[in-house]
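The two complexes that follow have subunit A in common; it is paired with subunit B in the first and with subunit C in the second.
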Partner chain A sequence: MNKTCRIVNLQDEYSQIYKDNLPFLKAGAPNKMNALRDDAFELFNVKGIPSNKVEEYKYTNLQPFFKGTFDIAFSSESAIQNNDHSFTCGVPNLDTHNVFLINGWFSSQDATDKLPEGVVVGSIREKAADYPEVFEKYYGEQSNDGDAMAAMNTAFAQDGAFIYVPKGVVVDKPIQLVNIMIGEQDRLVFQRNLIVIEENAQAKIMLCDHTMSAQKFVINSLSEVFAATNSVLDLYNIQNQHNLTTQVASVYVNQKKHSNVLTNNLTLHSGITRNNIRVTLDDEYCESHVYGLYLNDKNQHVDNYSFIDHAQPHCESFELFKGVMDDSSSAAFTGRVMVRPDAQKTNAYQSNNNLLLTDNAKINSKPQLEIYADDVKCSHGATVGQLDEEAMFYLRSRGIDENESRILLMYAFAYEVIEKIRVEALKENIRSLVEKRFRGEYDKCDSCVICGQQGVSASCL
Partner chain B sequence: MAEDQDKILEEVTGGEYKYGFYSDIEMEEFPKGLNEDIVRMISAKKNEPEFMLEFRLKAFRHWQTMEQPNWAHLKIPPIDFQDIIYFAVPKKKPELESMDDVDPELKATFDKLGIPLDEQKVLAGVAVDAVIDSVSVKTTFKETLAEKGIIFCSISEAVQEYPDLIKKYLGSVVPHQDNYFAALNAAVFSDGSFVYIPKGVRCPMELSTYFRINAINTGQFERTLIVADDDSYVSYLEGCTAPMRDENQLHAAIVEVIAMDRAEVKYSTVQNWYPGNKEGKGGIYNFVTKRGICKGDYSKIMWTQVETGSAITWKYPSCILQGDHSVGEFYSVAVTNNYQQADTGTKMIHLGKNTRSLIVSKGISAGKSQNSYRGLVKVSKKAENARNFSQCDSLLLGDKCGAHTFPYLETANSTAMVEHEATTSKIGEDQIFYCNQRGLNTEQAVGLIVNGYVKEVINQLPMEFAVEAQKLLEISLEGSVG
Partner chain C sequence: MLVIKDLHAKIDDKEILRGINLEVKPGEVHAIMGPNGSGKSTLSSVLAGNDKFEVNEGSVTFNDKDLLDLAPEDRAREGVFLSFQYPVEIPGVSMVNFMRTAVNEHRKYRNETPYSASEFLKLMREKKSLVEIDSNLTNRSVNEGFSGGEKKKNEIFQMAMLEPKLAILDETDSGLDIDALRVVANGVNKLKSPDRATIVITHYQRLLDHIVPDFVHVLYKGRIVKSAGKELAHELEEKGYDWIKKEFED
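Our next item is the complex of A and B:
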C-alpha cells in the first residue's frame, strides 16, 4: 500500500494522512505500537514540525523539508518494490551480522548467519509477537518526552529492527543494520528500532543509512535503547546520504547500574541532518560516552542535539563533538547536561570543537549545564576557530607543504573522535575515509562509507 | 565536616537584609494602573516636549501588543501591571543650595546607606546624582564637571536642556521594540541619569548614582543614557539598595551606552536590592536591559556587575562591537541565596573587524536559589579576526540550589576565534581541610575561598565599590564569608 501525499501546509495534511490511513497504520502492527499512536499523534498535531522558533530547534528549521510530494509506504510490499538488487555491505576486515531494511521496513537477513543463542534480531512488528513481554515492557517508554519528531515517529512508524540480547550473552560480531532508501518517487520514511541489552550482556551495533536512488528522502528514525545492569553497548550511527536527504535521527538511551554505553554519530555526508541523542542515567555508577563527528561541505547542515540526564548519583558522562565546515555548510550543536537534585558525585564533561574553513560556513554552538546538586564536577567547553598557525609553521618548517600540513592538522582534529570507536576495523575504515575525504581523493557523494557501493552522484547538488 | 558546612550555610540563610528600613517622606503619587492617560500624565507632569510624548506613546502602544517573555530559567509569579503606581515624586520638591536644606529624613536615609553625599565624601571625589523614587534630589560636583564640558544631569533635565542630544541618542541602542520590559520602560520611565563626555575629555572622577526604591508599590523605571564622544573616557558607578517590603516590586530599567571613536566607558554596578526573606517572600523583580554600542573604531565598553540582591534578576548587559578594533568586556559576580533567582549574562555582537570580547562570569548559589548564566557571542559574517573568550564558573554552596549555564555561540566567519569554558563545582573538602590545618576555621576558609573565587571580577571595580562589593558578599552569604 503506497500512497502519494502532497504536503503544502504541514499540519493539515499530516493530520489528514494520519486519519485517512489509520487502518493501514494499525494493520498487523503490535498492540502497544497502535495503543500509543493516538496520543502521540495528538502531541505531534499540537506541536507540529518544529521550526526555528522552538528553542530546541533554534538553528534548524525543519518545516520546509517536510513539505513536498512524498510516497509513504503503509505496508512492506510497497516499501520493498525492488527486492532483487544485489547489495553487499561490509567494512573491510570486519565480519558482521547483517540486517537489511528497505525504506524503514525490515527486508532480510543472512539466513546462514548464526547469532549467539538467545539473541534475537529481526523485524520489530514480527518479533513483538514472539517476545511480547520484552516489547510491552520497553516499547515507547522513553520516546514520550514531548519531542514533536519523536511523537511523529510513534504515530506513523510501522516497522524497524528489534534487537534483544539476553542475560550474560556477549555478541561476538557487530550487528549491522543497513537501511536502504530507494524509490521512484520522493519518499517519506519512518523507522523504529528497539534495542534491549539484558544484564551482563554486551553488543556492538552499527546503524547505516544509505540512499540508493536520486530521489529526495525525508527520514524520521527513532531508536530506543535499554542497557540493563552491567551491560556494555556500542552504537555507531553512520550517516552517509546524498544531499537531498533530510534525516531526523533520534536515539534514546536508558542506562542501569554499572552499564557502559557509547554512542557515536558519524555524519560523513548528508543533506539536512538532525540527531537527537537523549541519555538517561537511570541508576548509580553508569558510564556514558556520547561522541559525534560531522564533516560538512556544499550547503549541508548538521544539527546535533544531546541531552544527558544525570538522574542518579555516581554516574559519569563524556561528551565530545567535533566538526569541520567547508563551503556554505552550517552546523549546530546543543549539549544539554542536567544533574538532577541528589545526583551527587556526578562527573560530566562536554566539549564541542569546530573548524570553519570558509566565510560562508556557519556554526552555532549551545553547550548547556543545568545543575541541581552540589557535589559534582561538571565542565563544558566550546571552541570555534581555525587551524593552529603555530602548528602549521612547525610542520612547514620541517618541509611539509602547506596543503599537506592542512590535511594533516584537519585529520588530527577529526581523529580525536575517530579514536573513540571501539571496533578496530570500523575505526580503520572511517579513519581512511576521513583522510581521503580531506585529501579530496574521494568524491564524497560517490559511495557509501560502509558499503563501498557506487551511489548516484547525479543526486549531488 | 559536612555537618559543619551545613551549619554554616544555615547561618548564611539566617543573614538578614541590612538595608531594610523605610523613609517616611511624603510622596506624590499617580493612581495605580497603566493606560495612555497615565503615560500622558507622566509626560505632562515632567513638562516634556512633544517628541518625548510621541516616544512614550509609541512605546506604550507597542508594549500592549507584546507578551511577557518566559524563556529565561526563572519562575516569575504573574505580575499585575495594573496594580503598580507608575509615578511617585517626593512632595517637597527640593531645589536645594546645600546639604543643610535636604529633608532630614532623606538625609538619614542616605546616611544609613553610607552614600557619600555629604561633604567629606564629596572630598573623596565622588559626584553623586542620587535618585530616590524617580526624581533627582541632589546633584553634586556638577559645576566642576561643567567646566570640562561634561554633562551629568537627570534625564528629565536633559530633555529640557539638551533635547537634540536626547532626540538623537535616546532609544538608539535599546529601541522600544527590543523587549517587553524595554517597551514598558520607554513608555513610563520616570527619571534617570544622562552623561555626555565631549571629545577628548577624560572625566576626572567616577560618576555615580544611587538608586533606591522607596515608596510602597512604586515600580521604578530608570533610564540611563551615556554618550562618550571621540577620545573620551568615563567611569560610571551604579549602586542600589531598597527597603524591606513584603510585596514584590518591579524594576525595569534601561541603560544605553554609546562609545564613539577611541572612547572608553566603564560601567560598574553593585546591586543589592531586597532579595526577599528566608521563605522567598517579597523582594525586588529586577528586569533590566543594558546595552552599549562601540560605535567608533578602537572604542571600548566594559560592564562590571556584582549582583547580590533582588528576588528575580533578569539582566544581560551587552556590547555591540560595531567599530573596527573595538573591545567589549563583561565581568560579573552573581550571588543568590534562599529563594533568589538570577538569569544573567551578556551578549557580545561582533560586527566590526578585529573586535575582541572577554566574558568572565562567576556565579555563587546557596540555599534554594537558582543561578543561571545566559550569554550570546555572535560573530557576523563581516567581522574579520573577531576574538572571544568566555569563562563561566559556578560555585554551589548547598545541595538544594541550582547553577546553570546557557551560552550561545554563533559564528559565521572563518577567521573568528571563539572559546567558551564553564565549570561547576562546590568548595572542595580538601581545600577546606588545607585551610583548617593552617588554623582557619571552616567559616573563614569558605570566606577565603569565595573571595579568591570572585577576585578576578572584584578587581575590575573602582576602589570604593570594591570595598562595598566585598561587604555585600559578606551580607549575602553571611556567616560563611569573612
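Our next item is the complex of A and C:
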C-alpha cells in the first residue's frame, strides 16, 4: 500500500503518519524491528529533522528537504509496483553477486547457489524470520546513538538487505546491493540493512544507489555492520543519483579484535547528501580505513560526518576524505575522533583535502579530536586549495589544452582515494567513472554506471 | 624559424627583459649564457607562454606566426618545447597517460589520427631507449619522487616523444652529475637535425662541451650584450662574468 503524505510542518505530519500507519509498519516485520519502533519514534519526535541549529548538522539543514508531498510505501508490492525489471550488469570484469532493491525494498537477486555455503543474502524482513538469533542479537544495537535520522529510520524501517557471512567463510565475489529509486510520484524511502561478518570471515560489499526516474526522492538509509574477530570487510558506498535526490546515508560499523574494515563513500553525483559514518573500535588491535570522495557541481551539497570511536587499545584508524567542488556547490566534512581513556597505543590519522574550482564553491572542514588517553599517535589535517597553476602550465606547455589539463589535474587529485579501493575491477570502473564525471560526458542520466543501467533522459536534471 | 625583436617583459612591474633581439635558423644551436638574474629563465618562460610574465613591447615570430598570440598549448603544437629548469611533480597523473594525451593532441593539431594504445607504447619504448631513461620512471606519476637527474632525463624523454622544431633547454645541466649530463646531452644530440633548432640556456660551459653551439650569446640585465661563436663560452668559463659586467654596467 502506498500512501501520499503532504508534509508542511515536519513533526506534526510525521507524527501523524507514524500513528496512522503503525499497523502497516508492523505487519510482517520482524519482532525486534517492531519492538524498537516506539522508543525510536519518541526520540525522533523530540529531536525532529535536524536543522543547522543542531551542532552535528550545522552545515546541512535537512528540514526543507523533508517537506513536500511524498509517497511512502508500506508494503513490498507498493514499493516495487511494476518496476521489477530484469537487470543485467553491463560492467566487464566485475563479477558480482547482485541484489536489487527498488525504493528501498528487496526485489530480486542473482541465483544464490554460487555463493559459498552458509552465506545468507536477502530481504531483511524475510531473513530475520529464518535467522532470528542473528537478527535479535545485532539489529538496532548500534543505531541507538541518539541521532535523530537514525531514530527516524528505526521507527519507519520495513525492508532492506540482510547479509550474513558465517565463521571462516571467504566470499570472493563482491556482493552488490543496487538500490533503484523509481516511480511516478515523489517518494520518501527508509532502507535498513544489516551486515554481519563472523569470525575469520571475509566479504566485499558495494552499496550502489541510483535514480531511474525524474521524481524527487528523499532517502533515509541505514546500514549496521558487525565485523567479528579477525574478519575483513570492504564496504563501498557508491552514490550516483540525480540532482533532485536527498539522501541521508548512515553506516554504523562495530569492529572486534584484529578485524580490518574499509569503508569508502564515493559520492559521484547527487543532490543533497549527508553521510553519517560511525565506526566503533570495540576491541583491541582493530584496523579501520575510512575513506570518501565527493565530486560536486551546480548546487549540489555533500556533508560527510564521521565519528571514529577508539574505545579499546592498540587500534589503528586511517581516514581520508577528498572533494572537488565546482560551480556553486558546497560540501562539509566533520572528522570526529574519540580516543577513550583505555585506548592506549591508538594510532589515528585523519586528512581532508579539498579542491575548489570556482569562487562560489564552498567547503567547511572540521576536525574534532577528543583524546583522553596519553600514549597515542593522532594526526589530522585539512587543506583547501585551487588547481596548481604551475602544474597547469607544465601540462599546457606539452600541448595539452587548458580544459584537458584541468581534467588531468582534477583526476590526479581524486586518485589517492580511488587507489584505496581494494577490489581491482571496481577500482578500474571508478577510475573511468570519475574521469567521465570530470569530462562532463557522463551525467546523472547514465544512472548507475556500475551496473550499466541506462537512466531515463527526463531524469537528467 | 624564430625571430625575436626588441622583446620587453616584466613581472609585477619589474622589467626583466629589456629589448632582446635574436634570430634562430633551422639546424642551429644557440647557447644563451649569463650571470644569475640576467633574465635567461624569463626569456624561456616568455617563449613558452607562461602568463606570469607580461610582454609589454616587441615581437616574436615562429615560422612566420606571431608566437606571443598563441596559447601555451598551441605554441607546443607548433613545435616549441621548453625543458623546464624545475619540472613540476604531478602525483596522480601517470607518465603514460600524460604523454599519450600530449602526443595525441599534437597529432590532432596536425590532422593526424591519434595513436592507438599499442602504437603509442611502441613509440614510447623506442624513445625510452633513445634517451636511456629507466623503464620504471615511465610507470610512475609525472616527476613524482624523481631525483634531480631523473627529472631532467624525463624532460629530454618528453622532448624525444614530441619531436619539437625548436627545443629550449633551460638550465638542463644544473644539478646533474657527469653521467646524467652525458645522457641528457646524448639525447639532445641524437635529436639534432637540419630542420630543428636548439636554444641551450646555461650558466656554465660544461654542457656546451657535449652540445656544441654554433652561437653563444651573453645575456646581461635583460639584454643580449655579446654574441660570438663557441669560443666565447670558453672565454666566459675562464674569466667569469665580471669583465662583461664591467663593460656593460649602466
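Quick notes on this structure:
As a convention for this text, the second predicted complex is superposed on the first by the 439 of 461 C-alpha atoms of A that agree within 3 Å, B and C clash if a C-alpha of one lies under 4 Å from a C-alpha of the other, contacts with A are read in each partner's own complex, and residues count from 1 in each chain.
By our rule, a residue touches a chain if its C-beta (ideal position, glycine included) is under 8 Å from a C-beta of that chain, and two chains touch if they have at least 3 such contacts.
Given the structure is predicted, the values throughout are model-derived calculations rather than measurements.
Once chain A of one complex is fitted onto chain A of the other, the partner contacts of A:Tyr415 are limited to subunit C, with no touch recorded for subunit B. Contact comparison for subunit A: of subunit B and subunit C, B touches the greater number of residues.
In the superposed pair of complexes, A:Gln344 makes contact with subunit B only, with no contact to subunit C.
Using the contact criterion defined above for the overlaid structures, shared-chain residue A:Ala391 touches subunit C, although it does not reach subunit B.
By the touch criterion stated above, A:Asn364 is placed in contact with subunit B alone, subunit C being left untouched. By the touch criterion defined above, A:Val376 lies against subunit B but remains apart from subunit C after alignment on the C-alpha atoms of chain A. Interface residues of subunit A facing subunit B in the complex, by the touch rule stated above, are 55, 341-342, 344, 354, 356-386. Those residues of subunit A that touch subunit C in the complex are listed here as 388, 390-391, 393-402, 404-405, 408-409, 411-416. Residues 48-51, 71-73, 75-77, 81-82, 84, 87-88, 90-93, 97-98, 101-102, 105-106, 109, 141-142, 158, 162 of subunit C touch subunit A in their complex. Only residues 71, 73, 379, 381, 394, 396-426 of subunit B touch subunit A when the two sit together in their complex.
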